[in-house]
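Note that the chains are named A, B, C and D in the order they appear, and that numbering of residues resets to 1 at the start of each chain.
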Amino acid sequence: MSQNSSRAVGRHFLHIPGPTPLPDRILRAMDTPIIDHRGPELQKLAKRVLEGIKTIFKTSHPVIIYTATGTGAWEAALVNTLSPGDKVLMVETGQFATLWKNMAVKLGLNPEFIPTDWRIGADPAVIEEHLRKDKAHEIKAVCVLHNETATGCLSPIAAIRKAIDAAGHPALFLVDTISSLASTDYRHDEWGVDVTVGGAQKGLMLPPGMSFNALSEKALAASKSSQLTKSFWSWDDMLNMNKIGFFPYTPATQMLHGLATAIDMLHEEGLDNVFARHDRLAEATRRAVRAWGLEIMCRDAKYYSPTVTAVMLPEGHDADAFRNLALDSYNISYGASFGRYAGKYFRIGHLGDINEAMLLGGLSVTEMALALGGIPHKKGGAQAAMDYLVSAAASPSRAAAE
Amino acid sequence: MSQNSSRAVGRHFLHIPGPTPLPDRILRAMDTPIIDHRGPELQKLAKRVLEGIKTIFKTSHPVIIYTATGTGAWEAALVNTLSPGDKVLMVETGQFATLWKNMAVKLGLNPEFIPTDWRIGADPAVIEEHLRKDKAHEIKAVCVLHNETATGCLSPIAAIRKAIDAAGHPALFLVDTISSLASTDYRHDEWGVDVTVGGAQKGLMLPPGMSFNALSEKALAASKSSQLTKSFWSWDDMLNMNKIGFFPYTPATQMLHGLATAIDMLHEEGLDNVFARHDRLAEATRRAVRAWGLEIMCRDAKYYSPTVTAVMLPEGHDADAFRNLALDSYNISYGASFGRYAGKYFRIGHLGDINEAMLLGGLSVTEMALALGGIPHKKGGAQAAMDYLVSAAASPSRAAAE
Amino acid sequence: MSQNSSRAVGRHFLHIPGPTPLPDRILRAMDTPIIDHRGPELQKLAKRVLEGIKTIFKTSHPVIIYTATGTGAWEAALVNTLSPGDKVLMVETGQFATLWKNMAVKLGLNPEFIPTDWRIGADPAVIEEHLRKDKAHEIKAVCVLHNETATGCLSPIAAIRKAIDAAGHPALFLVDTISSLASTDYRHDEWGVDVTVGGAQKGLMLPPGMSFNALSEKALAASKSSQLTKSFWSWDDMLNMNKIGFFPYTPATQMLHGLATAIDMLHEEGLDNVFARHDRLAEATRRAVRAWGLEIMCRDAKYYSPTVTAVMLPEGHDADAFRNLALDSYNISYGASFGRYAGKYFRIGHLGDINEAMLLGGLSVTEMALALGGIPHKKGGAQAAMDYLVSAAASPSRAAAE
Amino acid sequence: MSQNSSRAVGRHFLHIPGPTPLPDRILRAMDTPIIDHRGPELQKLAKRVLEGIKTIFKTSHPVIIYTATGTGAWEAALVNTLSPGDKVLMVETGQFATLWKNMAVKLGLNPEFIPTDWRIGADPAVIEEHLRKDKAHEIKAVCVLHNETATGCLSPIAAIRKAIDAAGHPALFLVDTISSLASTDYRHDEWGVDVTVGGAQKGLMLPPGMSFNALSEKALAASKSSQLTKSFWSWDDMLNMNKIGFFPYTPATQMLHGLATAIDMLHEEGLDNVFARHDRLAEATRRAVRAWGLEIMCRDAKYYSPTVTAVMLPEGHDADAFRNLALDSYNISYGASFGRYAGKYFRIGHLGDINEAMLLGGLSVTEMALALGGIPHKKGGAQAAMDYLVSAAASPSRAAAE
């Protein structure tokens, strides 16, 4: 603890569910003199990242790169494909789904919002049911968060695609992968997603300030007739300029340097290794939480998130006070709680460029902060995480199994 | 020249009119581990920059900070204050004014576009005349670029304010200062501007990826009744969260670190010193161009830009070929040409963290590239710039005079 | 584990006993353009660090700053004070004491080397006994390592001073603090040390490449008559130039920037807090080792090191193989073993800018590597460390007690 | 000029003859977490630089890398090859030659010092004459500075080798290349040099803190019988450890990262291109000086230095005052003057990662500072440099001719 000191000692343990810890290699790639954003060096860089980012979304279609955080890419996905008054089907998986729904309202869309208790992901059967009822095909888009960052619930995108198809519904399929991309498997083309929204500051290990729209042929066709007003977010200008390796307005050149390096790093590790590592660390975290005798917010194992675990505190204990105590005592940050659960839980992010020692350091001081804070719990959470990780290392083939 | 080599030797001379050369101190401020964007450290930083940026715009009203380049802040200025079909008076000072006008069209506005030959700034008398004709006050906003980056012409904002007042017209006054802010005097409050659009990557010496809207009471009032759709760009969410030191969505934290440092640096130099330096280096550049016997694009001295000088090449000489030759031969970048003048001129940026030696190095190799490229010119341009700068140093009181 | 990948994931856990993990703030301070080493900026920086470093050694006498690692400062301490053939009393606390003794031989000195089994520090009583026997005062210097980095044993410098005084012996007292300075209490003046040898890359949190000699009046007097040849290491040139804020030869300017920041950071935390933190983390480490059922190399608790703990592996288990396994599996480095114990132990460094989470992350993966490597041990070491640290946090007054 | 401001604006023009401006790429390579200096990553790095540095010295023999500035490598060259009382032939080319001679005296050697007026390099004929007189072969080594940094005079090493051979003298040949290496052609093996002393902070574009000894078979043989005391500087420990990719004491790991990058950069440009560039910029500088009507310190063109030009001020003008004025007015640093010429000249460094625009920026503000300082001179120096550089670019084959 550093309470008698005017400086926080040692490395900060950033366990918010994004932005994630910046690898030094990415910081160095960005710590570079500015280059002419209309010169040959930028052009070469742009072509490299515009191709490279496709391999992360697993798409052969164009990916738009915005100089804006994920919220901007949410707006882009809607305004490029829809028209005022269009009905969109959304699922209330949690706070971020709610924000996207609120945005749809602001933009003049008409969202139909499937409720949940915020403790599961989007259920394909429920979506299918809603679509089947929509005989007139008034629903123009189904909008789902792959990973609800606010609750730690992952939704089954491939199964939702199948549900849409089973309903025989022509709606566009828009998916937010901000806190799942480059951390768990995602297949834009194979899963028939029309617009995938992504962000830089999570699995891509970059600072905030860049976001993405991965497109489909169907999305591009929809953009031709879309009537929502748009200028900055317009795909068409972007697509035209990107073809020759430029951007319609000054891009965030430092971020592009970082993105090129991030894509390299992901492929050096191997995407499947990246995904397995996230699965392993997520399971270790859940084992710690269970050993503490605390409740995982996601109440159905099939929706467990590989990137963030929300932990509920016992009734009468303030999660925000706990977070502050942990920050002051052990230089660790967690994600906050939202909405009807405000103050009732905290979120442990375990995504990005993170390894076993980083996670176990974080879980250990979490356990210590529970003790310091007088939160009723059992010891042995970090130990349970270690035991699992040793067994996973010893038997790699079952590493991600629970 | 390094034509036999696979690496560009030495420092690049970045003489585009922004992004400007990044000071090492700013790069270092940004080269830092990510912090929790909802934690106390971010809150402290946010409060510091939200107050500090006001001193740069010379306003006591709120300034909105967007994670987006200037184009985004253009859109924000329009969508927060106007409604579909609104008439806006704009002045075609050059390419960027044209792009803003095109944006207005895309957003469903109805721009009246005062033409020029792209070789002067916005004329207050002409604006006044247009406003006087608009008896019905259909014009809801006057939109002017303080500095037209594409041509190197500065428009007299205080005089335009007077012209609007003289016409007794209630239109909002929206001003783009992307390539003038923090380089030449600008007074948001005193000059009665309603929305000032600014960007990070010019006088503020930051990388691209951040932009600003400085507001007035009148602009805030207009935003209550504005009917253009908006969500990401909405001022209201921003203003609410900014009050407590946060942002409605993840801000570009690294940029905020840089911004705090940039504001410090500007005040350490002293804003008046910053402006005098830009005036001095701009005049030195023009003296060089005249000594070369080349034509300055800005054809009326009262519109001369303190941040960028566009140089016309003699008929039959391709400015793009010249820029490529200079880049390959001497590791220097200039701004490109646009529109009807495409290929006919190049632009020398002289803004940001630039001193005499940097400018004279740039002017010297420009003179050499003119020789290498066989562009008809007289020698002695760099010498003329030096002579002026010596005399300006010897008699500081007349430094900025021409 | 990242064995299928071509990149090491996440942060490296650098648990060698120095160089220690570089704080980002120090890296940034060093990541700066070169300055003129004979200009006013360097002069100001030099004066700042030459004064500041005295507060770390707790001395009012000059401290010499060498551009060389600690081995160079060892040589400087000897060649500035002694003459060919001089007898010096040294204590074989371990590998580094042996290296210093070997250096003395190479330089033409005549070391008397008090043996130990490498598992304790220097015993004041034994030193006193040797000095009492030296009636002719042939011993010109007593040379002791404050902390033997190779074994994790700390020697009681104040008590050794008393032993020298008790023996009434006039020998100089030379102390190496390379792996203890700025990590545990050290008082050059109060403890009557004549030359203290220090290094940058341990408690000072800098990269290797800088070392120190703190002097006394007696040492300065000795240097006047010392006959060992010297030039680069000569104190006199350094002292003369340092007086005006310069160095006789180009100093490592980037290191000086880093040093200034390091001194600031230590005082921001407070030296006593720094020492208490090291004590706490060291005790936590020892509790982990004991819980594993492994043997701590330092066999007498009164010599326990606050900066490094050497851990012996059970007979038949190769410590180097274990270190390689841990590096490959969990991206963690430990110190190697030496001499007669080569291959029999590994060293856990716990010094520098390190906090609870960093240490516990390291101890956790160490426990996991013991399991992976089939090293006989009990689980629960990391847990024991946590338990201690929680209790130490709850009762700060007994934090460092055992 | 920034005299009314508390910050120096823009980039510093570092025209001291080393340390040279640090390329950003090298700074980034060094701005990296510390690695275990006994681990596999360091080993790989060490092998890479130990091989790479040979290509810079053009030798197939080992090169020793010291963590110390050049003065340390001077000492190493002497103490590894010579014995107390040995006679060494040295040439008083200027201040640095004098310092090396003084070091020889301190180390107990017996230098014979050939005088000059400090305005030429070492004359092979004079050296030959001295050696011929030494019938008894009492001279054990000839020590010459390839480039005398203090005066800007380059000595003809190949010719001196021939002179030694012509005299039939068996002396070792020790050459200092601190301010010439990697800037002008140098061939350790072909020219029969026995020990070449090099430094990091000049042509190698690194910060100060690293230096080199390149060896020959004859030097290695001499080291077996050398009687000067040595420990830190001993080649034998270094050679043994280097064989397996390690160092006997903690190396300056950050510098090794930088060195690897520096070697890459030199080969990417091509060593011959590097040398031609230095020749070209040096000639441009001399043309500027002549155009100003000032005197070049080096009075014989055959000794002109490709890396530094010393400029004499007219009688009655203080060069140190001039340097201060230029620093305050234009943020530029020059080298100081020494010895009998103290205050009479300043030195313009033109070496390292420097291009035409950087040099011309520097020469331009130098001309302006001459004007501000009231130093009698003619205008047109920067122009003369430009004219030469244009002609050199137009006719590359004669670029380096004078």
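Just so it is clear, a residue touches a chain if its C-beta (ideal position, glycine included) is under 8 Å from a C-beta of that chain, and two chains touch if they have at least 3 such contacts.
What you are looking at is a predicted structure, and each value in this text was computed from that prediction instead of being measured.
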A-C or B-C - the one linked by more C-beta pairs in contact: A-C
Centre-to-centre distance between chain D and chain C (centres being mean Cα positions), rounded to whole Å: 35
Chain centre separation in whole Å, for chain C relative to chain A (CA means): 44
Whole-Å gap between the CA centroids of chain B and chain C: 54
Chain C: positions in contact with at least two other chains: 11, 21, 28, 31-33
Graph class of chain-chain contacts, one of line, ring, star, complete, other: complete
Residues of chain A that touch chain D when the two form their complex: 24, 28, 31-33
Residue ranges of chain B touching chain A (in the complex, touch as defined): 11-12, 14, 16, 18-22, 27-28, 30-40, 66-72, 74-75, 84, 103, 106-108, 201, 207-209, 228-232, 234, 248-255, 327, 333, 336
In the complex, chain A residues that touch chain C: 1-2, 4-7, 9-11, 13, 21, 31, 265, 268-270, 273, 277, 329-332, 353-362, 364-365, 367-368, 371-372, 379-380, 382-383, 386-387, 389-390, 393-394, 396
